[in-house]
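Presented sequentially are two complexes of chain A, the first with chain B as partner and the second with chain C.
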Partner chain A sequence: MPAAETKTRVANWLEERLGLAAVRELMAHKTVPVHSSSLWYYFGGITLFLFGIQVATGMLLMLYYRATTTEAYESVQFIMTRVEFGWLIRSIHSWAANLMIFTAFVHMFSVVFLHSYRRPREMTWWSGIVLLGLAMAFGFSGYLLPWNKVSYFATKVGADVASSIPWMGQALGRFLRGGEDVAGATLTRFFAFHVVILPATTIFLLLFHLVLVQKHGMSTPPWIGVNGARQMPFFPNFFLRELMAWYGALALLGVLAALVPWELGEKADPFAPAPAGIRPEWYFLAEFYTLKLIPNHVLGIEGELMGIFGFALLALWWVLLPLWAVNRNGMIRVRLVTGIGVLLMAYLITFSLLGYFL
Partner chain B sequence: MKLLLAVWAALGIGLAAKDTCLDCHSVLDGKLQAPAAAFAGDVHAKRGFHCSDCHGGDPNAEDPQQSMSRAKGYLGKAPRTAIPKVCARCHSDANLIHKFRPQQRVDQLALYQTSVHGKRLAAGDNKVATCIDCHSVHDIRETRDAQSPVHPLRLPSTCARCHASKQHMASYKIPTSQFQDYQTSVHWEALAKRRDLSAPSCATCHGNHGATPPEVSSVAAVCGTCHVLFEDLFNKSPHQPVFAAAGQASCIVCHSNHAIHKPSTAMLAGDASVCAPCHDKESEGGKASAEMAGLIRRLDASLEKSDRILERARSSGMEVSEALLRQTEAKEHLVKARVAVHAFNPAQLRKPVEEGLAIASQTYSSGEQALVERDRRRLFMVVSVTMIFLTLAGLWWTIRRIEQNRSVIP
Partner chain C sequence: MNWLLGGGFTGSVLSFLYPVLRFVNPPAVPEASVNEVNAGKVAELKPNSAKMVKFGARPALLIRVNETEWRAFSAICTHLNCTVQFHEAKHQIWCACHNGLYDLNGQVVSGPPPKPLEEFAVHIRGEEIVIARRA
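Now for the complex of A and B:
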């Protein structure tokens, strides 16, 4: 049988079962707007790529990792020193986690500054915000898993902050810790959050987010308008460019893993005093530093409680952005949203730096 | 009402007792007011004791003639020779003291009477320390109170008030350099600089209430209270009978008494050797001390070399915690070797030194391997990144080629 005929028969067999013509049709006609801010379109894809890296390296780490207080640290140490390329897998997993949260933040702010959250993309914004929250929850739960001194005490501080929320705080703290203190039960449930509950929720929401992106296409900034931008075919033009960004991210991960391997630190000792200068991961630093600055009592209310309440209100207000960003005439308040976005970004950067250095 | 008052009293809630001593003295001037002013912070005042408990008299009488009447048991200011017994009226009474502190000792007077201070006081020497000289008077605080003159951090300076005074010590013909010497010691460093309240100070070696200079024969036992292994080795060593026969106070011969400095190999060999005054370089003792110094220096140098390479590997991000843990084990052998010096037999040092050297060699090798691995990883990274950049160049070329044929849709 000639090769061409075999190829046709295989294609027909697949077409009959998978209906790939529809996908080909979609790829042939899908376009991406081209304008001065097109660069920001790549960050969603880079975040997705880094999430993929997380899943792949996470699965490899699970082959050796043991989630008990007596074995967690030793198993990570084993991965770093004995498993072939274990150091690379763990370092890439940790660095990719941090880069993913960074690119997710960049993606979020690019959506704000390009005003892509506006109608009909409100659901895309909300699902994206929840995905960012899930990414941070991945970070918080994964941080404890090596069971080292810094992660142990940072988790303790994080769980204590959760416990200070009125009414539900005590129950939430107990739920997070699996008891009254950070111990073996905490490690077990953080592992379950990290490898089952959060991935399952994330994949569902991610698909929802991607379907919406596909349904509504790429948003064009209001000052350009839908018809004002030239279009680039998604495949292969945009796809190959996105692939270049992914390769760039991969190169960066390789450089970081080789030059600055992720440290393991000292094993956690619940009976040892907390090390000096304990602080959370960088993406919680701004909130952490703000809580540190708030006086013990504000207007007769406990300062920390006031801070948490303030953050909750700010987060809710931010989530509702697509609703308040539109004026009575249905027009986007471009200047107001941009100004607030700049202020929020400046606050996060400044307070994170202060939290890191002070 | 009476029943209510009885219940009130039984519960220990207490009604404000009248104390005319404080009432009057607090409005007097100068020296007469000072005791009343200081007494507010005194542990006795806090526990419900009154001036009359030490000084006698009637604190309920308004008239000073009555309140300070000999007929009412007024003692006035106790003479110095009577002070230990005045304090002991309560402090030797276990029934009373244990109401406040069940574990508190009640043998202070008995111990004091065995001390040099107590014996001299009994012989009529009024210059020696009594209870109030160390614990102060009218503002006496618990030992754990940082303001107490006998709090561990303040005790050396309290002893020094008399013992560092040339004038005060002149008639006793004893040196006054103890405190100055102590301030150069490792014990002072632990106490004053590291704020280690368990660090040895005057009372640790000399006793507190039974303060006595250790006899020459008991110095090793005094040091051995903390330095158990050293004492044990020394007592089995050839030095013990020689020092005892010569009337030399064991540990002090090499380490001094108050100015105890951090020991080093320089004490064994070289110009500052403490062995040299007795052992000539060419003698058996001189050779032994040089050999011991050599063994310790060899292990020390080897450990330092391993520390350096492991630090280089660690700061490059390499995981060397296992080797660092092994290094701690090797350092324990160095400590054992330093302890073994007190047997004054090089053979006893060889085992810990050789064991330490074996571990140091392994940890050095781990450090070397970590650095080789670091370089391998960097090479691997350079190759990978080069390949990625070649792929990126290929992708860019492909995009350009595609866009030459089919440009951006207008």
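Now for the complex of A and C:
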């Protein structure tokens, strides 16, 4: 049978069973607006790519990792020193996690500055914000898994912040720790959160987010308008450019993992004092430094409680952005939102730097 | 009919969720109540130095202030649960997590801790040091 005929028969066989013509049709008509800010469209895809790297390297690490207080540190040490390319897989996992949160933040702020959260994309914004929260939960739960000193105290502080929430805090703290203190039960829980509960929730929400992006298409900034921008076919033009961005991210990951391998630190000791210079991962530094600055009592209320209340209000206000960004006439408050976005970004960058260096 | 079907469905969902919610809530494991521990020998600590001692499941900080004066506190910072340490140069108790400082009576000097450290009594019995929860 000639090759061309075989190919046609295979294609027909697949078409009958999978209905690929509909997918081809969709790909042929999907376009991406081209304008001066099109560069920011790539960051959602880069975040997705880094999530894929996380899943792949995480599955590999699970082949050796043991989630008990007596074995966790030693198993990570074993991965890094005895397993072939173990240092590389673990470093890529850790670096990709940090880069993923960074690109997720870039993606979020690009959505703010291009005002892509506006009608009818409110649900896309909300699902994206929950995904960012899940990414940070991945970071928080994964941070404890090597069971080193820094991660142990970071988890103690994080769980205690949760315990300080009025009414439900104690129950939430116990739920996170699996008991009264950060111990073996916490490690087991965090491992379960990190490798089962969070990935399952993330994949479900990610599909929802992607379906919405597909349904509404790429947003065009209000100052350009839907008809003002030239369109680029998604496939292959945008897709190939996105692929180049993924290669760039992969190259950066390789360089970071090879030149700055992720350190393991010292094994956690629940009876040792918190080491000097202790600080959380960079994406919690702004909150960490703010908590450091708040006096022990503000207006008769414990400073810590005041800080948590402030962060909760700020987060809620940010989540509700699509609602307050529109004035009574249904017009976007472009300057207000951009100004607030710049202020929030300035706060996060400044306080993170202060938290890192002071 | 809709009410009946809707109510039945909601009821069945709640009956699945309730055991799950109860399951993820960790059961209270009773801890052996510790009121007194042996903290080592007098000769082990020089004046103006300190050491960590296991007080049940939690750390305690034993400080030898000078030849005759001893202090002991729960080493759990009252701010966010970190473990404090003795700062020899400052002659104070310091929490590295959020820079909380306490004096040698456990009182807050500066930083975010909202309450003093819990103080334990120190008893010297011959060469042995015993720290005990205050009544």
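Simple rule for what comes next: the second predicted complex is superposed on the first by the 358 of 358 C-alpha atoms of A that agree within 3 Å, B and C clash if a C-alpha of one lies under 4 Å from a C-alpha of the other, contacts with A are read in each partner's own complex, and residues count from 1 in each chain.
Throughout what follows, a contact is a pair of C-beta atoms (placed from the backbone, for glycine too) under 8 Å apart; a residue touches a chain by one contact, two chains touch by 3 or more.
Every value quoted in this text rests on a predicted model; they were computed, and no experiment measured them.
**Q** Which holds for A:P270: it touches chain B only (first), chain C only (second), both, or neither?
**A** Second partner only.
**Q** Of the partners chain B and chain C, which touch A:M306 in the superposed model: first, second, both, neither?
**A** Touch partners of A:M306: none, neither chain B nor chain C.
**Q** Going by the contact rule set out at the top, does A:L259 touch chain B (first), chain C (second), both, or neither?
**A** First partner only.
**Q** Under the stated touch criterion, which partner chain does A:P233 make contact with: chain B (first), chain C (second), both, or neither?
**A** A:P233 contacts chain B only, not chain C.
**Q** Do chain B and chain C land on any of the same chain A residues, and which?
**A** In chain A, nothing is touched by chain B and also by chain C.
**Q** Please output the residues of chain A touching chain C within their complex, sorted ascending.
**A** For chain A paired with chain C, touching residues are 153, 156-157, 159-161, 164, 171, 174-175, 177-181, 185, 270-278, 288, 291-292, 294-297, 302-304.
**Q** Help me check something: in the complex, which residues belonging to chain B touch chain A?
**A** For chain B paired with chain A, touching residues are 317-319, 321-322, 377-378, 380-381, 384-385, 388-389, 391-392, 395-396, 398-399, 402-403, 406, 408-410.
**Q** Help me check something: in the complex, which residues belonging to chain A touch chain B?
**A** Answer in residue numbers: 31, 34, 77, 80-81, 87-88, 230-233, 236-237, 240-241, 243-244, 247-248, 250-251, 254-255, 257-264, 266.
**Q** In the complex of these two chains, what residues of chain C are touching chain A?
**A** 24-26, 29, 31, 52, 54, 57-59, 61, 75, 79-85, 95-99, 108, 111-114
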